[in-house]
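Both complexes shown next keep chain A, but they swap its partner, so chain B is in the first and chain C is in the second.
Here is the complex of A and B:
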């Protein structure tokens, strides 16, 4: 196969110029398509359309995006993977690259599978390697649809032919996506789609380059971690949310803005994160299940509020969708470097829990759990997400309402309160949790405060009181252990290799396990779901079942490893870190555990 | 009757202006017969911000400068409550200034009382944002929070009182709380409250205050005229007090809690959140994801 020269509309590409390997290959069971161009080129739209088509073909889907923090311009790409087998991460290589410009070719080429091909837009791509098919995508959109912007849907149409999609179903995806916007947008996208198909058929050949094997996964839904957390909040009884727009946490606020009011809830966009956390605290104090969501820079601003909630014993849930830090860092890129901040941030000492879901259904479940734990133990609960889990659309088990329980802990009803001879907001109790009234209830008045206080909530600097209050609050950490979400373990009963990780490292680790199994290496994976307090006993038990253990995370200093070393000073494990803004890829992870280069 | 926390004794110095402010607030709550259990007092940091400890009701001691977001959260969670945010000028106009401006913009129906003494008493007499040039080494021109408040398009109730005249101050707070209870919006009441230890201004302020009702041609219903009237009063060396700005009802911006929660009966804090009661609607929401 030689480089395909730039073609014009009248010179079809002869079919004998197809890559020989392509002609040999049977239907693909696992295929990934990358679409690259400038921000505003509609790359994400193509990725979404492909994801939806794969989903409707009952394949497992995982999408990834690489965008800049700007509305338009700058290189942007997205990849969509469809697979017959479950997948939880990006594919290591791309089978197809759709490029709208030379930069997209240059960047995407590095990931292109040796048997893959490139579909380039003649309007933007001037040259390329072998296996490049140049089609006039933007020219066709401009001249025949009336707007060059439709080049992305022309590309989707061309792809649908080149990958042998069912035409009706592929068209249906467009109807599903643009149908709501009504007549013109839908008609133009459908026409762009048809033109794309014709273009590919006439210029590349009548036969598809690859075929995709349909899947049998009829159960999954397509979602993101952010969407899952927002839904978990709704069904967990969350009714007040305040936030401030920040990548990658904003979609949580966007979803809730749409959903919460119909359930009697309120969502506010605050003037800053200081306001967001304090509005959340105020609403929680008044009796609403309340949450805020942010990312690193906003978390820094919320830090004083974290301690306030802990000291005043106000139940709030704080979602941190981690991104590259410190400072502004890389707003759209992946990292897990806030762990020590959520564990140790804020002055003074106070109890808190840190939960970390690994995939969307887990985020749904743990958001409900975070609301319960916050109210039961009357403290701030962190839900630690990360960029990929927050933003990347993927196949997920449907969210399970049957597992949802609402536990409001020692929240007093008016009747229960009336039966009490004395009400003290900070009553000393065996479990350190005081019955809680909310404003409006008769007989529940008193002080809720960030000052050190006595049982009534009155300011106190009495040393004996201070000792007892500290023990009451900080003791929650140990007393709650049995209540906290347990880790999930994947793999064999004993492992030559053991992984410990949290958040979206779930995906690459599980795929690495599959690759290791293919090489006859047994493995076990400890998906930590409670990070603070450190689940010491669980980790210790796990480490005893593996020969070599690796703590896998996205930061420079090995923050999770640091917490585990402190908790388990005699245990042995290695730290694997990556802090370049990208997620681990499974093959690279396998290499690092098998070649002993952590 | 359940026994609950008793108010504690004020931490204020004898003669502190804050006593007058507290008397005014108590007078207003009594006059309006607001039940103590429906009263939420959100305090800031500073001498004045401790006021919730000394009164009947649900007290919440917020972080420095954050009392307004906290109070807005309380009000939006349960709009049936009568919510007062009470703090000092350092708390509200320095560290909390961003929230002050946005609380005026949000326009939730709660009352914000600022005890202005031009100084940070609790940290021993530093200049606050309202301190005059020369006070405690201050070289920055002070600003006037009531003028600022009147300039915010959604503001609908701006008043200033003097703790040396607690009856008049009490009337202003009564009107403010009444304004909230009618769900009209946010009410801002600054009370001049001398710090007898670091800035004893009783005498000067008593001489300088002038109720805008006595200013010829003053029109509190018109934003431009109210601001102009205050400016000319200030230019004459006086401090305008009284109800400074209150447009007619038809020109008020909508109150946030009323917009978001038209009927107070079902609010975030009181909504039915059991799974059983919501199951059908949750299922519908989740089925939209397939």
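Here is the complex of A and C:
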């Protein structure tokens, strides 16, 4: 085995370094199951069924997946974690590995807890370490259910016995998942489930290998960041969405295709991202609250439109679900490397806000907020997600509808417009925001243009006008500061360790804080929710409360750290980065901050 | 022993990452058999970029340039110009893009390449939706078909708009050769590839490329489904050479479209009226082709059923006639 370099955070910490509590016998309070095989083996289905069962058992759930960008083939694995305590990230080690082939054993073994066990399919796994239970999963599926593909549900059945699941509830989960597909699929899955239970009982033993303690979390919902953003859009009054298929943003379009028409909204699948952003600008100009969603390559195509929206002062929301870039990069894997693009992308200078939620309920809230800010300040607002937040199903607080408010800013009603002596679309005002009409309103005609323009919207190259217009637009950045979502701070009043991060690093950082607390180290976490303009004062205040600060992010160059250094040249902090496509794991993060190797 | 009509040489290998029954995989295999090893393919982000290169292998026996999804036409334009400048005029330069990468986001680039008279073969493998991202509609999705962005639920009845007629768009650019191909008819397929290989100037293939997971049918039915598509007039086989249209698979009578539609989950919701509508469209499409063929060919030269590739066609036209990039 090769030595792991100290800077590599992707390798899990062996369990002997974990707190003793995770190694004790008796019912598990925090259990993670990894399912590995080839794409098409149905690993995600098992992960999903486990997640639903854990949820039914009132546990906190976090699922993760490692799939290649392809419809079928290649190694794929997924893990599902269920815990009595809140969890926000992948567990550092796996307690159970379900393997459909040798590659899955080889890859999964590296993460397997020494006390864990492997459930292998005799049809694909030839050998393995101790505590490998080989069962004829695919053979049983082929011979008794009639199709080898049902091996995944046979595996779920076997697991349900080996982990001591409540049989009725475990079966109910299958009904919940396959019920709406109707008769045959449901019957075959139920029969595969029963066969799996029998196999495990007869060939491994009557008693479960592990038991799982039921939880008390009856409040949570199971969701993803993409789903939350799509719901936030609907609830926040969004009525026009345009998109173009791209991983991992496509689910937002898929969800809205189903939901938005019910509320009188429109979803348009564009022919490319140039079209998507410009449709969005068109719809916003027409008066609808409008949004588009994409990922890196699509964002690159939207870049001209970003500047147009800024210059023409058209309110649009652009969701960027970051993935590994540049170019095609790694479409299904995790990175946070678009920050500088959304902050600086497009030629020329224009105002914009960049918001970044950390978890699904936050994504819901900030999507509503992004719609409000875009209309109030009449500019493009970016909602920066990332692969893990976008796609990983997890327990979430229910979305708080009571906080939803809709602020359309200076969008004029017909009465307000009639009361104006004259309507100028780009009127100079104290706050830099001009009244806005929509096409068709009486007395509201005017030009909306990306050319430099005067108050009327007429094209102008007058130097004095240019100076005033630039000040009007760019000044929004400072004037809006009080309006922008504030960071959330977690931890003690003062910290020996301070973390600054955004997006899904929320999970590993909060879990790292728990591990640090177990070692008597106090910590504080600044979950940045507005990234641009940089919340300078907030960060400065935070840094004053911690002894050593670490800016944690998923990219090579330390993009957030770069922005903070520029905004706070005299502050001291270290940058922790990871850019291998995997998310941080809490124990490795703890190691990085305690062993002083940022 | 009869002479082989399909070249034996394999330039697309096993171990690729396509699904079982993948139409685009069959298309690439037959295409490369016809083109031979002096070929380079430019492939945009699509199913085929992941089919071709599952680590640590490659499924292709020819060079591949992966390009941005909107850029296939531009990519092969640059490739051709430089290859010519470097004295590699005999290289087959091929763009191999899906329907989304061609008829949606790549249309501008395709048009540019055709209009400039670029000496290259552009292949659109048409699986009628964005499959690599999980089945979203494209402009090539047939009317009424289910995709995740054209759902079938309540009043929603799949895609509202008819399929974009990419051949009409391409033909408006007057390429030297354009044809429709279907892997279920391998001899016709390879014959067209070989013909295209011998032409200079812009050439275009519209390839029927069935997708079992996206169209919701069993993967062992791909060949049969392809046959039905052509026999029912859903995807007729023809070629257009210097503006002259010739049907290459003639049917005395079209098969009913119902069998084709019923075989696929994406059409399962069709009412008898919707089936009838597709039937009428197939009929009209076929009649239109027959009329265009008659108009293009003087009666004495009209193709005869069962006749192989016409020996009476004019000789290949030098690319210079249209200007080469």
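As a convention for this text, the second predicted complex is superposed on the first by the 574 of 598 C-alpha atoms of A that agree within 3 Å, B and C clash if a C-alpha of one lies under 4 Å from a C-alpha of the other, contacts with A are read in each partner's own complex, and residues count from 1 in each chain.
The rule is short, and it goes like this: a residue touches a chain if its C-beta (ideal position, glycine included) is under 8 Å from a C-beta of that chain, and two chains touch if they have at least 3 such contacts.
Remember, it's a predicted structure, so these values are computed and weren't measured experimentally.
Peer 1: Name the contact category of A:272: first (chain B only), second (chain C only), both, or neither.
Peer 2: In the superposition, A:272 touches chain B and chain C alike.
Peer 1: Could you tell me if A:449 is touching chain B, chain C, both of them or neither one (first, second, both, neither)?
Peer 2: Touch partner of A:449: chain B, not chain C.
Peer 1: In the overlaid three-chain picture, which partner chain does A:254 touch, first (chain B) or second (chain C), both, or neither?
Peer 2: second
Peer 1: I want to verify the contact counts: of chain B and chain C, which reaches more residues of chain A?
Peer 2: Answer, by number of touched residues of chain A: B.
Peer 1: Answer with first, second, both or neither: which of chain B and chain C does A:176 touch in the superposed model?
Peer 2: In the superposition, A:176 touches no partner, neither chain B nor chain C.
Peer 1: If you stack the two complexes on chain A, which partner ends up touching A:475: first (chain B), second (chain C), both, or neither?
Peer 2: Once the two structures are laid over each other on A, A:475 reaches no partner at all.
Peer 1: With the two complexes superposed on chain A, say which partner A:297 touches: chain B (first), chain C (second), both, or neither.
Peer 2: So A:297 only meets chain C here.
Peer 1: For A:457, select first, second, both or neither according to whether it touches chain B, chain C, the two together, or no partner.
Peer 2: After superposition on chain A, A:457 lies in contact with chain B alone.
Peer 1: Between chain B and chain C, whom does A:68 touch in the aligned arrangement: first, second, both, or neither?
Peer 2: Touch partner of A:68: chain C, not chain B.
Peer 1: Kindly list the residues of chain A that each of chain B and chain C touches, one partner per complex.
Peer 2: Residues 261, 271-272 of chain A touch both chain B and chain C.
Peer 1: What part of chain A is in contact with chain B in the complex they form?
Peer 2: 221-223, 227, 231, 234-235, 237, 239-240, 242, 259, 261-266, 268, 270-272, 274-290, 304-305, 308, 312, 398-399, 401, 404-406, 417-418, 420-425, 438-451, 456-459
Peer 1: Applying the document's contact rule, which stretches of chain A touch chain C when the two form their complex?
Peer 2: 40, 68-74, 244-247, 250, 253-254, 257-258, 261, 267, 269, 271-273, 297, 301, 327-328
Peer 1: Enumerate the contact residues on chain C facing chain A in the complex.
Peer 2: Against chain A, the touching part of chain C is residues 17-20, 45, 47, 49-51, 54-55, 66, 68-70, 100, 104-105, 107, 130-134, 136-137, 139, 148-151, 153, 156, 213.
Peer 1: For the complex, which residues does chain B have touching chain A?
Peer 2: 1-6, 8, 36-38, 40, 42, 50, 52-53, 56-63, 65-66, 68-78, 80-81, 98-99, 102, 260-261, 266-275, 278-279, 281-283, 285-286, 289-290
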